[in-house]
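As written, the chain order gives the labels A, B, C, D and E, with residue 1 at the start of each chain.
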Amino acid sequence: MIKRLFSFVLLTGLGFVFYYALTNITASRELTGVSAEYAERGAAELGAANLVTAIVVTYRGLDTLGEVSVLFLAATGIAVLLRRKKGYVQARSEDKRGSSEILKTGTDFLVPIIVMFGVYIFMNGHLTPGGGFQGGAVVASAVMLQFLSNPSYRLNHTVFGFIESMSGFFYVSIGILGIVLAGGFLDNRILPLGNFGSILSAGAIPVIYTLIGLKVGTELAGILDNMRRDA
Amino acid sequence: MVNPIYIIAVLLGIGFILPLTEKKLSKLGPWVFYAGMIFTALVSYQWFRFFIVSGGETYHIFTAGVKPPLSINLQIGLFESVLLFVTNLTGLAGAVYMTKQISETGVRAMVLLLLLLLGLNGLILTRDIFNLFVFMEITAISTYSLIGMDVKSRSLSAGFKYMTAGGLASAFLLLGIIIVYSLTGTLNLDGMIRSAEGIKNVKLLSIGSMMILFSFIIEAKQFPANGWALDVYEGTKPGVAGLISGIGTTAVFFGFYKIMPLFTNETLKIVMWAGLITFFFSNLMGMKQENVKRMLGYSSVAQTGLVISVSAWSFMLGNDKLIFPMIVLPLLFNHFFTKTGLFWIAGLVKKDTTGLWGSITENKILHGIFIILILALSGFPPFPGFWGKWNLVLAMSLDSNFFYIWVLLAGSLFEAAYLLKWAGITLKKDKSKDILEYNSYKMLALQIVVLIFFAVTVYYFMTGNFDHTNGGLHFYLPFALGTGLLLLPFIPEKLKGMISMSVIAVYAFYFLPDQNGIGRFFNAMFLSGGFFLTFATLNRKDRSRSFYPLLMLMLGSLIALVNSDNILHFFFSWEIMTLSSYFLIHRGKGSAEESFRYVMFSLAGAFLMLLGFAYSFPNLNGQMSFGIFAVPGQFTSLSFILISIGFLVKSAALGLHLWIAGSYAKAEDDTSAFLSALLSKAGIFGFVMLLLAMGAPSAGKFDLAYILSWIGALTALIGTMMAIYEEDAKRLLAYSSMGQVGYIILGLAIMSGLGWTAALFQMVNHFLIKGILFLAIAGVIYRTGTSEMYKMGGLIKKMPWSFTAVMFGIIAISGVPPLTGFGAKWLMYEALIEKGWYLQTGMAFFASTVAFLYCFRLIHAIFLGQPKTEFRNVKEAPAWFLIPQYVFIMAIFFFSIFPRVLIDRISAAVEPFFGKSLTWDGNTVISSLGYWNATAVMTIVGVVFVVLAIGLFIKLPKVQKVKQFNIVFAAERPETPELTHFAYEFFRPYRRAMGWMVRPYATRFWRSVTESAYTVSDALRKIYTGNGQTYIFHILLVLVILFYISTGVK
Amino acid sequence: MENFWTTLLYAFISMFIIFNYGMVLGGVVYKIIARVHGRFGPPVWQPYINLVKVMGVRTAISHGIMFWLGPVFRFTGGIGLFLFMPVLFGVPWMQNFSFSGDLLLVIYFIFFGQLGMALGAAESGHPYSPMGIMRGLSQVTASEVPFALAVIALAAQHGTLSITEIVAAQQGGIANWNIVTNPVATLAGMMAFLGMMMHAPFNLHIAPQEIPIGPPTEYQSNFLSYMQANRAFFASAKLILFMNLFFGGATNIPVLVGKTFSLYMITVFIGVVNPRFTLENSIRWFIRIPTVTGIIAVLIYTF
Amino acid sequence: MELQQGIFILMGVAMIVSSIVAMYVKDLVSSVIAVGVVSLFASILYLILQAPDVAMTEAAIGAGLSTLIFLYALKRTRDTEEEND
Amino acid sequence: MNIIFLIGFALMITGFWGMLTQKNMIKIILGLAIVETGVQLIMVAFGFIEGRTAPILDSAVPVKKAVEMIVDPVPQALVLTAIVIGVAVNALALTFIIKMYQKKKSLNITEYRDLKW
């Protein structure tokens, strides 16, 4: 009880901090600083209609690369932590209830559609809301669906691993190409900017987002796989 | 030049691709991994060289082909390149260190390490605040994973606590970033800092920057929001813990450092004090630690706090460009390498408890590295930490921030306490076996780190403010001698001793003639004393490699001390001297506790001295010459007092004498002679320098010299009083030494020509006598194997030469004419009465009569009375001991007959400062009060003595010689001679009457001080309950406190 | 030091006088003590008889070189002490070798004989010897304190440590004596004097009843004769010292005899009417009343 | 505008209530779901705040994947089966 | 617009409350997730400008007039990153919890106090 009391007092104090902040926040009325410049130059410079994407993939591309690395790291960390000791024999639980036939069929039907949807999201990241991360998550949800419908479903690690590694590797390579061919690391203008608003525009942004989507999708799937495995 | 962005690209690329090698290409994986690591190290080396050697200009890297602030930019300058280089090299070493763990865990462990390195490199390079956040997360997540990698309950729970803390930190960082962004409209650090000044909404800005600050305070593990960090250090494998503490902390710190300009001076002030508080409290709590890794954790946290504190302060001053390389970097490097190294050593030892580290000595190299790292961490010269702290203290003093220095030095003292205690344990062999877990990879990694550390040390030593042209030689000499002898392990010990002696002789031959002034006496004393006392050590039979190096280090540092031109030289030599003597004392049997006490007292004294320097330093802009003490300033008397305390500790003045008996007694027997005859003069030399430079200022109504005189007189009396009750010969001599040095202090305090003559005469006298007595006792102990006096007796028949030496020694020390001791006393009393200090005179006189008691006891209990059965066959002490004794005796006789030789020279040295005080009429020296003709006294006494002796010889040609045991008690003979040797508790009645004088008030006082420090330490660390939730509470509490301090609202 | 040989000759003369004076004084004291105790007592020349007697003893044993040298040390101490003091003020042939040093030398030389004797006796191996020495030394350290303070007070008063000059300052009648000009210091000095003369109540260390066998019985023959002869010198020298310091010194032999005899009588009478102190008691006594007196004496000149 | 404010308040109350529910409901599954609901509401808010990208992300990752991961974790912390080390 | 900030801060406080009072480690992580949501909400709210549209340039938002018509895209980009990172960290934390549970069969954080002082 004393702990709650202390916590209450502490959070009251914290509440005052936040209240103080709140009273001093003034809603912004216009774009200032970099955001104004992004709005003015972004489209022309990078050719991406979705400014958020332009920022995420190119202007602040290093952040995004870092973000991907974070996810990758988390996946690696989870894999390391949940690794099985050598010689560990998995206790097969026989009585796991198999899913119904309908569910399986439904899943088989839905999975490609969901994957396609995910791919659509990241391919169109520079035009519409969404991008690699969202698309990747959608792709992962397809895998998730597989897991749900079929508890004994096993991920094809070779393929997933390969996609994961290669997409990451290409991502970095494109970044380096940016130095060689264009203005700097992760510069998207290694490819022609193309027609503003079309799918094949905005230089390397769609490529990068695709790679990110693949990478994120496989990583999230990997995380899910690791988490659920062998319960 | 390879663009540093490639470091990031390559690390990441390899990281991404490595998992592919898991199955099929498992042979390839490690190669790729190490290639990536080496690549980063090479690239950073290239930049490092570019900046250090060619002095290149800071280089900016723009990503995305767009200029910042639109895009993220990286920056590599001098500091970045240095940090990158050490980080990547240490990272490589870390990979080597963890070879076994990596191969067990597989390729994913490599990925974790690569990405950790990536995060750290990014933290150092980036100039964008959100990017900083991302790299911080990368660092954090890879660290979490590395912590959890061994899947032990302890590391998991530690990692979990870390993650909750990290989660909070990143939440607040995001909040801060977005607030600052909303105000400045940019995420670029430089842009933010530039536009922060013009922001109107100051309150919001302060909240934003406070949130950022707070999150870094958590990440940098500041007190008290750092309970999780300690658990992490304790619970993690040492390899990872070393990386976290070393490169992890460094990179986080640098990230913090980059953001600091964003903060207002008020905020920076908070950071500065928060860091210092961390330093202080972490070290305080560390004292109670027995777990090696947790202890290192406390130290690590403390050091980080200090570095952050100093950085914040540097930005407050607007002097960061200068302070960073001068103070921050040395402190940081010192922490970085030592902590990494020590954690990694901990990984080679199976035991986690400090007390069980005794047999680390099995591996000499490892042990050597360990000791060096501990010393470096404790801030001893010549390691970078010393330069950092020295510069910090002086710079702080220029800022008049003396309270800071107090806290800083107190914290440093705590740190030294637990570190040296630990080091002390390993210096003693104990029964624990097989505690080492030898692993060549780990050793290799450790050696890499230590080698870099040596390079850094040499760099700072060479550039560390030393005036190399003027007298610089003296400061290299001790190290040259010490290391030279250490590196000659294969030659016999005797040869090493002879080499040492010849070096001293050659040095004295070329060096002494050019000397003049008071320093010359000290030089002559240290050199001649060193020479002859070293001769005695040739008797050693054991093969201990460290003895002669340490001895030479100590002698060398004494010489360096005397020849120091400025306070830096002085303090540097002082510390080396303290350190080398500590190790020498520590070599003795059962000396762990005593030597620890010695070094703690000495260090505390040294720190106070440093404080004293600091108080005086601002008086003269930027110069470190002794002259600064001559310039009167606001704090003259305080400075004088503080510096005096440092010297008083070394002189074992009353109240600060606790260490003396134990350390003299427990040191090896031949070493004790060095300690008493030579080392005790270091404090005296300090007083000479201090009083010459400063005169005797007065504090308020009190004349400080007058107070000093009382300290001297009381020390003389109580030291002597304590000596008479000792059963142990060496303890007796130790207290005697204390008393005698008390006289010297008293003499110096008189501040007159006569007084100084007396003091210096007494000093030479004491040097000779204690040389004789300690060596004689060493010889006796060498033969009998005991230092308890009552266990001996009647040894005059077996050791007549030693007896004679002791007899002359005690006659000289007690001040009985005709030997030199009387000269010292005569000069002293004349000076005291001339000065009008009658009560002190009376006290000094009392002390000198009491001295008879222990003199008699010493010679009686050992040499006279009844011999013991077990010592019936002991032989005379070895000639190695006797020869120096008789050399000293000859010197005493020479000075007894011709004191003018000595007094004239002393007067000449003292005259420039105090004027002429003595006149001579032939051999009669005349003071304002009285006169003394030593030659006549000697002649008269000698003639009468010889005549009477001859008369007795003629009258009694045939004396019946009887055995010692031929005594009668009322016509009966007692059976065992043991019973008839009256020696134990010899002065019992005296104690009954006068014992109140030696009640251990000082001991009780210091014990209660120590105990309360430990109690506070223990109570304080209880806040780290181990409960992750408590830690969350602490973290949020810090936030709230920070907020209320920084805004100062309501 | 004008003429070395003259000085030497004078020294021998004064030594001869003082030796006989010391012996007779000893005899007189025996007599007086006996009379006080109601006995007839030995003849006044008994000390000479004793001396001749012990010199005639043939058997002498030695425990070793230090034992052998002990009496030599002791005797040297006694003679040396005497020789470093001026005996009669203004009488050239009674100045001895006082040019060698001042009051401090004299004070410190008192210890020479005691230390040497202590070493010799201790070598005898008899446990009572060190016990006696321990007592003697302990008491000396205590009694020296008031004495030293008194001397310091005198030095402060006269601005010199030279005995001759101190005596010179006291010439011209009782009013100039230090006992009048500096009564506190004199009081302290005289109390210390009681202890230094080693009569009751401060004579535990030579207590013959408790310690039947001590240095005096371990030493025979000429050893003992040296010690007895020394006693004459030593006692007289101390008396002369105190006379010089506090009682105006002496300009001729009758005054010398008168003053020293009176001084001696003081101790004797106090000793006769007092019981013996234990060691602790005497030490405590010395560091209380006499020391406080001495401190007062010194403080007078400090402020 | 009034309407928008009303929606905000409503959703805010809903979010806070469900987060409190998440903290206090005994059943961990419910609590995970409640947090998922918070995320879901948040994603709607993002949409209103003209942040469709964030809304999508929050919905897909914050509300969807994250909840699933929590549920898996819950499942695994209920197992009695133990790794033998 | 302050109402959004208020919601954000309230969520944070609720999250902290949970972190401070709930002993179950999963709930602590849930609390952290709520805190993160709150932070993200605040971040987005900072970029929001009353009456403007999403930063996507299409027919409705011509490039020339974008500056006057769209909300701030930067906070959105940042939140995007923050969400992903947050989930990654939570997933890792859950993994830790799983492993800890396997060792001690407890989710109670007070059980994991081997390391202290």
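Note that a residue touches a chain if its C-beta (ideal position, glycine included) is under 8 Å from a C-beta of that chain, and two chains touch if they have at least 3 such contacts.
Everything quoted here is computed from the prediction, not taken from an experiment.
Peer 1: Shared touching chains for subunit A and subunit D?
Peer 2: Neighbours common to subunit A and subunit D are E.
Peer 1: Spell out the chains that contact subunit B while also contacting subunit D.
Peer 2: Common neighbours, subunit B/subunit D: A, E.
Peer 1: Report which interface contains more C-beta contacts, comparing B-C against B-E.
Peer 2: Higher C-beta contact count between the two pairs: B-C.
Peer 1: Among all chains, which one's averaged Cα position is nearest the averaged Cα position of every protein chain shown?
Peer 2: Given all protein C-alpha atoms shown, the central chain works out to be B.
Peer 1: Let me spell it out: compute each chain's centre from its C-alpha atoms, then which one is farthest from subunit A's centre?
Peer 2: C
Peer 1: Starting from the mean Cα coordinates of subunit A and subunit C, work out the distance between those two points in Å.
Peer 2: Centre separation, subunit A to subunit C: 107 Å.
Peer 1: Would you mind pulling out the distance in Å between where the CA atoms of subunit C average out and where those of subunit E do?
Peer 2: 98
Peer 1: Approximately how many whole Å separate the CA-defined centres of subunit A and subunit E?
Peer 2: 16
Peer 1: So how far apart, in whole Å, are subunit A and subunit B when each is placed at the average of its C-alpha atoms?
Peer 2: That pair's centroid distance is 54 Å.
Peer 1: Residues of subunit A touching 2+ other chains?
Peer 2: 3, 7, 10-11, 14, 21, 25, 28, 34-36, 38, 50, 52, 60, 63, 66-67, 70, 73-74, 77, 81, 129, 133, 223, 227
Peer 1: If I count partner chains per residue in subunit B, which residues reach a count of at least 2?
Peer 2: Subunit B, residues with two or more chain partners: 130, 134, 137, 141, 144-145, 148, 151, 179, 182, 187, 1029, 1033, 1036.
Peer 1: Which parts of subunit D, given as residue numbers and ranges, touch two or more other chains?
Peer 2: As it turns out, subunit D has residues touching two or more other chains at 52-53, 57, 61, 65, 69, 72-73, 76, 83, 85.
Peer 1: Check the chains against each other and report every pair that touches.
Peer 2: Here the touching chain pairs work out to A-B, A-D, A-E, B-C, B-E, D-E.
Peer 1: Quick one: in the complex, what on subunit C touches subunit B?
Peer 2: 55, 59-66, 68-69, 71-73, 75-76, 79-80, 83-84, 97, 99-105, 108-109, 111-112, 115, 118-119, 122-128, 130-131, 133-135, 137-138, 140-142, 144-145, 148-149, 152-153, 155-156, 159-162, 212-213, 218, 221-223, 226, 278-280, 283-284, 287, 294-295, 298-299, 301-302
Peer 1: Using the touch definition from the top, list the residues of subunit B that touch subunit A in their complex.
Peer 2: Interface residues on the subunit B side: 3, 5-6, 8-9, 12-13, 15-20, 22-23, 61-66, 69-72, 105-106, 108-109, 111-112, 115, 118, 122, 126, 128, 130-131, 134-135, 137-138, 141-142, 144-145, 148-149, 151, 179, 182, 184-188, 191, 195, 201, 203-204, 207, 1029, 1033, 1036-1037, 1039-1040, 1043-1044, 1047, 1049.
Peer 1: Could you please specify the touching residues of subunit B with respect to subunit E in the complex?
Peer 2: Spelled out, the residues of subunit B in touch with subunit E are 130, 134, 137, 140-141, 144-145, 148, 151, 153-154, 156-160, 163-164, 166-168, 170-171, 174-175, 177-179, 181-182, 187, 230-231, 234-235, 288, 294, 1021-1022, 1024-1029, 1032-1033, 1036.
Peer 1: Subunit D touches which residues of subunit A in the complex?
Peer 2: Residues 50, 52-53, 85, 88, 91, 121, 129-131, 133-134, 137-138, 140-141, 144, 220, 223-224, 227-228, 231 of subunit A touch subunit D in their complex.
Peer 1: For subunit E, which residues count as touching subunit A in their complex?
Peer 2: 1-2, 5-6, 9, 12-13, 16-17, 20-21, 46-50, 54-58, 63, 66-68, 70, 72-74, 76-77, 80-81, 84-85, 88-89, 91-92, 94-96, 98-99
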